[in-house]
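Two complexes, one shared chain (subunit A), two partners (subunit B, subunit C).
Coming up: the complex of A and B.
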């Protein structure tokens, strides 16, 4: 499916279920996402993380709601499953989409300015570099007798400083390789936006709408 | 084949009063290979960035390409006119793989997609890296990345090719390949090539005119003067009259067993046993890109390695990170990586608190600051210091921590002579008083003689201790 359209579908569905309370739809979305993830051969460890984190947050939220107010069991179940819908839907999107394909699609199909599309892509490509930078900052601090934790402001100060530096370097790299903001470009790889993509997107929507408004619990 | 003329160019970077370039006038002839040289900080990078259009031109001064002003070029045709290859290999790419980067370059020039594969093939073949086509850029070595950067410029077919110290972090064989390709571009495709380098070795057969940049002004040498200057340039010689081969019973502080190092798929160090000797000063030398810094990063557990490294008979992987970091410290090559605070005062306070405060009394620190010409700057923001000042301050902060073993990665880089002297003095006294083990990597070799006990050379993927009087290779 076309990456931009897929992103739009996922975001819109997530937005819709934020304002509706249909447990069946939440469960169906979770089931659908899990099937896609398994078919896509997601690593078991990744899936475990994707489950553990929302489990912790959702449990905490539901627990405090249950203690505080007079929320119904149905409402608590909706809140609990909603968290999983967000995470699993997001994972379904990232597992089935190449960042480069998304950037190209955003540029070609969604007509986003090329600067944003490639900026997003470059930021994605920077992730390993950020990880290495964090390790270096930790080591530099330890050598000075200071232990930095993930909540230490100094860590973020240094990472932001490095990121600002990288963004300047990236702008230079793009310019020196001929990138000009707003100038016409050609596309080495065309990302098609077919009728099939629209149909899939529409179908998904209609099914979710029916589920939400037909009166299911 | 464009001739570049620069007239009355004065440029001061933002937030700096003294101009880097002062009323500079120079000509670089079309279709020739020009070499630009000058001490570090003389403005080579600034000048190249101005010609490349990466830094906006100041109102005073003009740069023309064959009598057409640089400022009048439409932005869209810029990359066909001029392209710049950076000093730092890894910072010049936008995309993830070699092919995607080349596609990006051609897309930017609005090349017809049908023509792209052929142009990419041709550019890769010209530089001789067809086999790298699908590799991830981040996993390539510095030398390979520079080759990809050159292939991008070949694909763009830029008329003027600028290179800013392109060989600073790559090995000699790769440098040779790149030089041959550049000369070929110049002679066969009539490109104008301007290369900035402070190391003038190995250019005599290629270059007919040398431009020297100093104190913001450029002087073009005649052909004869150029040849004389290039012939007179000999890489700084390493004269170590005091070094010895380590005696077998010398106490060791860091011992490695079958240590092997890799970068990506490339072997930097073939597995070998190696010892660093306690309470002595060891100098490590070796060609650019041979793995000296990687060795340091392995010693402080920032890089992975094969084999085992032990610190005083204990495997360093089994020691607590926190404890080990207090015993073996690294002064990073990039000074800014070392700092954790904003002002000099805060940074000093941190070292004072956690470091060797019995030795580094406030008086001693004040004296050291004065010797390094950093006194009276306690409230200044570290990041507003010049790179030389940052380097000196970084050294002081790490010395105050006085770890058992201090690894120094290019501690003298970019320092003027007076600073080098002060730094050496400080290192010598502290080492003698606190019995530290110092290991340093340095390309700056003058005046190190009396200070070095052992010389460890890295060549052909092997470390070996050297006896006296060895010529430095790079």
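Coming up: the complex of A and C.
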């Protein structure tokens, strides 16, 4: 399915179920997402992780709601299952979509200006370097007997300087490669937006709307 | 009004990823806090206490990259990173990111993107608190809590956002100003 459309569908459904309280739809969405994940051959360990964390958080949240509030059992069940819908539905997107494909699709199909699509992509590709930089900053401070915590301004100061440095270099590098903001571009790889994608997206929406507003528990 | 250029776009994204990586380390702390507070039915407090850390990318980006939309973009991209890394909130992470980003953006918009000092950061903390609380009111079922507990949550949330998005952000930007990376702001 087209990455942009898939993302829009997932986020809009997640948004909608945040304001509605239909247990059946939540359960149906969980079931559907699990089927998609299994068909996509998700690793068992990933699935276990995706289940354990929300299980822990949802249990704690529901327990608090039961103690500190006056929620009905139905409401508690809705809140409990909602967390799993978020995580599983989100995973159907993240487990099946590469950032590169998403950036291309956002540029070609969603008409996001190229400078944003490629700017995001360039930065996202630095992720391993960014992780290493944070570790380096920590280590360098330790060498001077300085422990940096997440509340230490110095940590962020150094991080921001690195970010500014890298963004200058990356922007220069892109300009050197002939990237011009706002210039018309051709695409080496086109991301198709087929009628089938619209149909799937529309169908998903209609089914969820029917489920939400037909009066199911 | 300044416009977005490729350098700013890359900067705000790298900044968001950096924040995402740092706050990744806070995850275990959240789990421990949740586990400690949950038996007493105080789980949301863990959320409120640490929320300031997660929404810090907004005010920081807004303060450093002085272009309308930078706070929203910084926070939103941070959440996108979190979602791709496999964050605990899945698909709703993106919505939360947008909500938090718009929340802190409102503070900067309120002063017309012209004033960058304590007032701006305090306003931003205030708008972030209100907007994100409204979102949790629906998403996390906060509407089922008793009024007293709800008020406690609101106050703790503002305190957390003010400490991280206000005080810590101010300390960081002070360092940047002293290093002449940021223009000197009006004394306040």
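Keep this in mind: the second predicted complex is superposed on the first by the 202 of 217 C-alpha atoms of A that agree within 3 Å, B and C clash if a C-alpha of one lies under 4 Å from a C-alpha of the other, contacts with A are read in each partner's own complex, and residues count from 1 in each chain.
As a working rule, contacts are C-beta pairs under 8 Å (C-beta built on N, C-alpha and C of every residue); 3 or more make two chains touch, one makes a residue touch a chain.
Since the structure is predicted, the reported quantities are computational estimates derived from the model, not experimental observations.
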Which of subunit B and subunit C A:154 touches, first, second, both or neither: both
Which of subunit B and subunit C A:146 touches, first, second, both or neither: first
First (subunit B), second (subunit C), both or neither touched by A:23: neither
Subunit B or subunit C, by number of subunit A residues touched: C
Touched partner set for A:200, first subunit B, second subunit C, both or neither: neither
Touched partner set for A:187, first subunit B, second subunit C, both or neither: first
Partner chain(s) touched by A:122 [first = subunit B, second = subunit C, both, neither]: both
Partner chain(s) touched by A:164 [first = subunit B, second = subunit C, both, neither]: second
Which superposed partner A:36 touches (first subunit B, second subunit C, both, neither): neither
Touched partner set for A:55, first subunit B, second subunit C, both or neither: neither
Overlapping contact positions on subunit A, where the subunit C interface meets the subunit B interface: 118, 122, 154, 157, 161, 166, 170, 174-175, 179
Subunit A residues within the subunit B interface of the complex: 100, 118, 121-122, 125, 128-129, 135-137, 139-147, 154, 157-158, 161, 166, 169-170, 172-180, 183-190
Subunit C to subunit A touching residues, read off their complex: 4-11, 13-15, 17-18, 21-23, 25-26, 31, 34-35, 37-44, 53, 60, 64, 77, 81, 83-84, 86, 88-95, 135, 138-141, 144-146, 149, 164, 168, 171-172, 174-176, 179, 181
Subunit B to subunit A touching residues, read off their complex: 52-54, 75-76, 78-79, 83-84, 86, 88, 91-96, 100-101, 103-113, 116, 138, 152, 156, 300-302, 321-322, 325-326, 329-330, 332, 336-342, 350-351, 353-355, 383, 397-398, 401, 403
Residues of subunit A touching subunit C in the complex: 10-11, 13-15, 18-19, 46, 49-50, 53-54, 56-57, 59-61, 63-71, 75-76, 78-79, 82-83, 85-91, 93-94, 99, 115-116, 118-120, 122-124, 126-127, 130-131, 133-134, 150-151, 153-157, 159-164, 166-168, 170-171, 174-175, 179, 181
